[in-house]
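Structures incoming, each one as structure tokens.
Two complexes are shown next, each including chain A; its partner changes from chain B in the first to chain C in the second.
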Partner chain A sequence: MSKSKKVPYLVDRPMSFCPGCGHGIAIRLVAECLEELGQADNIVFPIGVGCSSLLGGGIEADRLHCSHGRAGAVATAIKRCNPNNVVISYQGDGDAYSIGIGETTSAAYRNERFTTIIINNTNYGMTGGQMSNTTLPNQKTNTSVYGRDCSVTGNPIRFPELAADQFNVGYAARGSVHDVPNIRKTKSYIKKAIEMQLSGEGYSVVEVLSPCPTNWKMEPLEAMKHIAEHVTTYFPLGEFVEKEEK
Partner chain B sequence: MADMMKGNVAIAEAAIRAGARLYAGYPITPSTEIMEYMSWRMAEVDGVFVQAESEIAGINMIIGGAACGVRAITASSGPGISLKQEGMTTLSDEELPAVVVNMVRYGNGIGTLYSAQCDYHRETRGGGNGDYRCIVLCPSSVQEATELMVLAFDLAEKYRMVSVFMSEGALGQMMEPCELPEMRELPRYPWGFDGKYTNKKVGIFDRNSRDEAVLLNEKYNAVKENEQRWESIDVEDADYVLVAYGLPGRASIGAAKELRAEGYKVGMIRVITAWPFPEKAFQEVNPNVKGFITIEANATGQLIDDVALTALRTIDKKVQCYCRPHVYGIPSVKAIKQDFIDVVNGNMKEVY
Partner chain C sequence: MPKVMTKPERCKQCGLCVDACPKQAISFGDGINAGGYNYTVIDESKCIACGMCYTICPDGVFEVLGEK
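Up next, the complex of A and B:
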């Protein structure tokens, strides 16, 4: 008999994501990890602008809705001022990698001791599906109506790899929420990221591939399949750096 | 005993003594010495110093620190303050206190390194989006700068607002005798983040923007009523009143005194709070005053707008309002006396 799991009280409020959206799964994983690590009463969330900000309405915790892209800077100061709190910035790909690429990269570069969770749905969800820095080559969005032309718009950015290769970060991984095994794996990544923060050894980032059925104009199941078949080919899943925790 | 101190160093040390425990910013002349001083001084008082990657990141770090209940300060100038506007409107929205120092330098765009007063309109009106106000304090000496820094933190805390410390490049660079304020050991603001969601007000999402806006405006009205500050001399019987702030304000006091001694009925209002504008100072002016003359270190004349509006509100008849914009630098006492003579001789046209 399968046991139904209690919803962590941190997130036991209604959230207003579209049906089939991945944000809700990711948030639930974060909340479960915090509970399991005994940190549910020791958490501050700087939250990005985008559908990620809907987290703010669904969570019972210290949280600050940051300006678009600035959560990396806000989190830097929160963690430095309150080093004993767990600090998790929760952001979309547009927030963290487009408008906030400076703040995101600089926080990783300084090896700030907080955790960033980035929901990569390959577009700007909240504003109705425009191209972002993670939009796939040839992907159609509201601002790449013929499909993304990488020769003039650049190639999609792979941030966990960048952080792992270039900076002295503690932990960098990419998971996905498109099926149960990957949801489980992603949870283990998020947990490791928070553990890295608790150890004080370094910056941790987990990117989560996540469906946006509304703007992808797909049924939820189709969107999950799209991640498995297309998104993961450009954005490989796995752990890119895992520093020894002392 | 008063020691000789450089303006920017005195400003930084006064902030530490007033309770500042977070500095985050990006260097820019002529404010940089404040950041350099903070880079080692913060550590001595167990505070946090972050050299941010930009002014935008710097002010957003101020937001993070203030949200934790930490007294936070950043300093910049010219284009750096432009980049901070996003964060200043966010601080105002969240009702988080902080102090933003603008050591004003002249110019549009990248600007110049000349000491100036070109940011009056922006600081007093707010350069970010929305419907907010900041308290704006304008020192005219190194000594006064240290005193206003303590006040900046106290008012920011009392009203949960941003205090803008609007000085001039030259004040930061000059050496003057200065007695620093006492060191205060203050606890954090009681409402900051603690990870337990003890204080529900910070960062709340379910908000009623209309009610909040009305309440904010009530707060701003209380600030207007209670926090006007100025220095004035000889306004009760004056035919003409000079109005200025900062270093030109200091020079204008000297000019007004000399003109008095030469037999002219001249008064002077030195604005200390550019916002809230010291309307009460104008209520003490001779009702038969013939004119107000602003002395400014910008090219367009900015203070003149507030002076003309305030004259309309406080004096029963229409009074001529003149402006002499000296572009940048600090006008000399001699130059200001000549400005006055130009007005009296009909050689300066009124603006309003």
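Up next, the complex of A and C:
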């Protein structure tokens, strides 16, 4: 009896994320795409710091744990030295957008030939739920206890739109994992991003909206509904740029 | 006929599969796994092996075996 839907062998081990966390789904989607494209043995993951670091313990592939926010720079080096490897930097929003905004933006600006997967849960999850660059207006976190005041802290950053509008990137999209149809759509985005890297067209970025039940202080189902009702209103889903493949 | 297999030792009791199942075939059983979580069980008489649970589960508890 063959398996029609099996967990990819890359991630077929227990993950150490909180119950209801979206990281597990996103990592499985990446592994599924790599298996389908025949690149499962040709992958290197530069991993950011934060909850995304737990990918290191949950995946059976080459990976490198980078300094905080610098996965974009490390991925650039790996891809330039080993152009035949598929390089996917796996980062959180605090890592890629707050501390590593310089590296992430520079990689997009130079149109480096690697893929970035950014898990956006609108806070710094690993350190206990502090405000990040993507925290929604009026969202309460440990460091914005009265709600985020955008007149003082600035507005949440929308990176895929920025990359699509300002830089000559290959692919930019935003997906979500809050329900089954969106998970399937997000998988197609991730697959296109990896295909864009394989064709050598340029930088590809996929932001994945993910729940953080622990730090949002919600039940897992409530957190999924929160994404559908509130987070997607500020972070619209869809593809923002898709270059023609060579 | 395809069949859903589970790995209850991975379940973290988040309940996303219970909500996603279109046939209400998944529920929390009486068992507790090594992590201390009350894991889910599948009512095979209701299950149609659609794979929704596989898609939504963050922890790889479900696998659909067999071709449709």
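Everything below uses one rule, namely that the second predicted complex is superposed on the first by the 242 of 246 C-alpha atoms of A that agree within 3 Å, B and C clash if a C-alpha of one lies under 4 Å from a C-alpha of the other, contacts with A are read in each partner's own complex, and residues count from 1 in each chain.
The rule is short, and it goes like this: a contact is a pair of C-beta atoms (placed from the backbone, for glycine too) under 8 Å apart; a residue touches a chain by one contact, two chains touch by 3 or more.
Given the structure is predicted, the values throughout are model-derived calculations rather than measurements.
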Would you sort A:80 into first (chain B), second (chain C), both or neither based on which partner it touches? first
Which of chain B and chain C A:42 touches, first, second, both or neither: first
Is A:70 in contact with chain B, with chain C, with both, or with neither (first, second, both, neither)? first
Just checking: does A:60 make contact with chain B only, chain C only, both, or neither of them? Give me first, second, both or neither. first
Across the two complexes, what residues of chain A are contacted by chain B and by chain C? none
Give every residue of chain C touching chain A within the complex, in rising order. 2, 9-10, 12-16, 19-20, 37, 51-52, 54-60, 63-68
Mind pulling up the chain A residues that touch chain C in the complex? 1-7, 11-12, 14-15, 17-25, 28, 179-180, 183-184, 213, 219-221, 224
Show which residues of chain B lie in contact with chain A when the two form their complex. 21-22, 24, 48, 50, 52-54, 56-58, 60-65, 67-68, 70, 72, 86-87, 90, 94, 193-197, 202-203, 205-206
Quick check: in the complex, which residue numbers of chain A touch chain B? 41-44, 46, 53, 56-57, 60-67, 70, 72-78, 80-82, 84-86, 102-103, 106
